[in-house]
Amino acid sequence: MQSPFFNEDHESIRQIAREFAEKELAPIAAEVDASDHFPLETARAMAELGFLGLKIPEEYGGLGLDARSYVCVMEEIARKCATATIFISSANSLSTAPLVLSGTEEQKEQILPGVAAGERFIAFGLTEPNAGSDAASLTTKAVEDGDSYILNGRKCFITMAPIASHCIVYAKTSPEKGAKGISCFLVDMALPGVSCGRHEEKMGQRGVPVSDVLLEDVRVPKSCMVGERDLGFVNAMRTLSVGRIGIASMCLGMAQEAIELAVSHTKNRVQFGKPLCRHQAIAFMLADMETRLNAARGLVYQAAWLLDNRQPADKAASMAKLYAAEAAISIINQSLQLHGGYGYSREYEIERLYRDVRVCAIYEGSSQVQQMVISGQMLK
Amino acid sequence: MEAKTRDLWVYVETKEDGSAKSVGLELLHPGRDLADKQGGRLVAIVIGSGVEQAVSDAAAHGADQVVVVEGPEYKDYTTDAYTAAMYHLIEKYGPTTLLIGATPDGRDMGPRLACRIKTGLTADCTGLDIDPESGNVAWTRPAFGGNLMATILCPDHRPQIGTVRPGVFKKSAPVEAKAEIIREEFHVAPEQIRTELLEVIREAAGELVDLEGADIIVSGGRGVGGPEGFAPVKALADVLGATVGASRAAVDSGWISHAHQVGQTGKTVAPKLYIACGISGAIQHLAGMSGSDCIVAINKDPDAPIFDVADYGIVGNLFEVLPVLTEEIRKLKA
Amino acid sequence: MNILVCMKQVPDTTEIKINPETNTLMREGVPSIVNTFDAFALEAAARIKDKHPDSKIVVVSMGPEQAKAALKECLSIAADKAYLVSDRVFGGSDTLATSYILSNAIRKIEELEGKFDAIFCGKQAIDGDTAQVGPEIAEHLDYPQVTYALEAELDGERLRVLKEGQDGNMVIGVKTPCVVTFTKPSFDPRYPTIKRKMAANRAEIPTLTSADLPDIDAARIGLKGSPTHVKRSFVPERKKSGVKIQEETDGESAVKLVQLLGDAHVI
């Protein structure tokens, strides 16, 4: 495929990810889903190929690649195992971006090489029981005490928490200043007062450990603050675009897989004397699915290109995520419909895709939050 | 090298017990015909230590002459010793043609020898004839994983050499031995043998899978769906006294060990009956089994290429077919 | 340890189809790949380098300019350096002529990269299936050889090679320098890493032509220097489809099959 967005390196990276996904992930994806467990040796194998250090700078053991490299990997991996992409997005974007952007040299050296090597996992603790999209209503507090801060609060739905060595924690240091009074901390999960809640049973993308993180009078040295005091959330806002483009890329991969499954099934399944795909109503559905997938591709690739060329990309990233997530949910729903009764069976891959894709319109900014961002830019 | 005679030689490889491997005796059969057409004798070459049985085996299968090289250095096959002995014989007697069984050792020695002589070698032949125009041996062999057959001549170099796939030719019925036996003294100094057999691992993967020698093979492919899917395949194999084979897809998925693999990157087999279960029939698989006498295919995809080579094909679910098949055969055998 | 891996770029024979009308091979659109068995040889070299990180792996291929893509693939997996041997006068060479050219090229590459302790090859190429070039290179260089190897490890001045045999495996000790040809091991070759792949995309691959190999005797290369000639090639006749059984139920099909096999005295 020739594309104005990708060069030879991007295509090589896509090829490596595709081969790995087909040979190593496709055979285990159903088992990962059923057992709710992703083998850590597979995560380390992904690290060896470079998937976990794509965007981590070279001086910290990563590859220092651009957003489009990340798009290629996320898209190809998601085709075969959505769960695996969470290990990649966590390492490349959500939990390391704050450190790469505003961490101290010491913090970067301590954390990033291990993440790139798949030896260390970092959790990202923003969401709370009463604060998701609305960060200003966070209730976790960090109170200064000599050389330390004392943290108290509860974070929920925290990806990787049970296996993480550290958690990025957002806590209010100046509660009166709302979103502009939030600081970011790198918290060692082994510190006294840090504990994980029970394992969260999820609908899809199963196999990634997710739980609450409880912080009870956790004393952290001041050197654990990431970036400046009170600017934690402001800085976090600056790293959202990559994460959103990553989720949008996942959606492309899952939708692509769903379309391939639909094409294969409707070619082979004979009803009313001919293959399903020879019925025009079915063929038109396939055409519609394919068109919307490629419309989504245009938005996602364009957003990544803008980011790589240091152009404003927030709105483009939000449009990409909004459209790709909604399109993927609908395409996968249609593919499942085309599978008929088989699609409702756990034995068929489309059933897992249907559950896996749903959260893409929810996390890293729900579709409605993306609409807020997009319209906010329009109405400035 | 010039041919000094019009003789055709067959290298008769020996087994550990000193008897002849089947393939060497098989080759004496077409060798007889080619030697007659070339107007020379049919000569068997035996190299080893304690190989009297192989000598009489060769004589009993129609050789006019048997040339034997014996010595302790030939106890186990080594490239260096066997190539040196063979080269010595060829230099001394100058045959016009040499047939070697395409066994692992035959294919190890063949190219080494051909290169030393600077002559042509045609590997892994499945057909032998005399080219009517030139009188050269016309060697026919598969290439491209069995997709293409090529007939190859070696017009200007002697001897013309080919390795021939085991099982392609049938042994002739034993005849009264009348071969002249020539014992050739030729020895290779220990320091000229640059490899050493350090260890023999008999039970390589905990099991020995004799696919090449099997009369019946029941194979499973991607369609068996997982390691547990081989259970009905094994059940059928048990009742038939068959060996279990597998396609590359099944082996690569880790459902069964590579020792069971049939096809281009596995074993080439030619049993009397080959039953392919859930194997689509990728070309590289067909290359390894299409020489079977009778092929049965069971696959749910009516368009699977395996049906193109099958004598009998069942379009259906193997998990439904196999238990009934096993039960019916058990009844038949009872 | 200094290891040379010989590699051939081949059409992926699993993707080749037969044109049913002309009964010829359809080669168009068939992807070119690193010969499967050569990939096993490269992996064996990489495993030695894993244990002895100061080792160097050089890969060489004889073929057209396009074979550079396969050489780059090897660089992205494990090789440190790659050379292409390419010249029109080499075209049409059979295995004897090919191994002669390669053994001359190996001597030339040794002038640049140092002497090789071992030369690893695949046991055969999946297009030609001859299994001859490896042993013939060994003969040209007067090196000992081990064929059908599964694994190899360095043991002082020699290699310990696990060799596949007909009745079980063997461990062979072989003095270096030597030639080892590899068959399919129980493990899969490693994947290229992104870092190596990107470096391979930028790698310069030197080409050795006949001008770089002045010792070559022109009478021993190409079509003229090849003792064997292809008289004709043809697509083997496929058996016409046999009996297809599709009864009401799968069980009935099975019963029918047993009946047919019995009638034909197969069982």
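In order of appearance the chains are A, B and C, and numbering begins at 1 in each one.
Everything that follows uses one rule, which is that a contact is a pair of C-beta atoms (placed from the backbone, for glycine too) under 8 Å apart; a residue touches a chain by one contact, two chains touch by 3 or more.
Since we're looking at a predicted model, the values are computed, not measured.
With centres computed from CA atoms alone, C is the chain lying nearest the middle of all the protein shown.
The interface with the largest number of contacting C-beta pairs joins chains B-C. Distance from chain A peaks, on a Cα-centroid basis, for B.
Rounded to whole angstrom, the centroid-to-centroid distance between chain A and chain B, based on C-alpha atoms, equals 55 Å. Here the CA centre of chain B is 20 Å from the CA centre of chain C. Centres computed as Cα averages put chain A at a distance of 41 Å from chain C.
Of all residues in chain C, those that touch two or more other chains are 188. Across the complex, chain B meets chain C through its residues 79-80, 103-104, 107-108, 110-112, 114-116, 118-124, 131, 138, 141-157, 194-205, 208, 212, 240, 252, 257-258, 261, 264-266, 272-273, 282-284, 294-296, 302, 307-317, 320-322, 324-325, 328-329, 332. The touching residues of chain C, counted against chain A in their complex, run 76, 188, 191-195, 197-198, 201. Those residues of chain A that touch chain C in the complex are listed here as 8-9, 12-13, 16, 19-20, 23, 48-51, 54, 63, 65, 69. Chain contact summary for the complex, chain C toward chain B: residues 11, 13-14, 16-18, 25, 36-37, 94-96, 99, 126-136, 138-140, 144-148, 160, 162, 164-175, 178, 184, 186, 188, 226-236, 238-239, 241-246, 249-251, 253-255, 257-258, 260-262, 264, 266-267.
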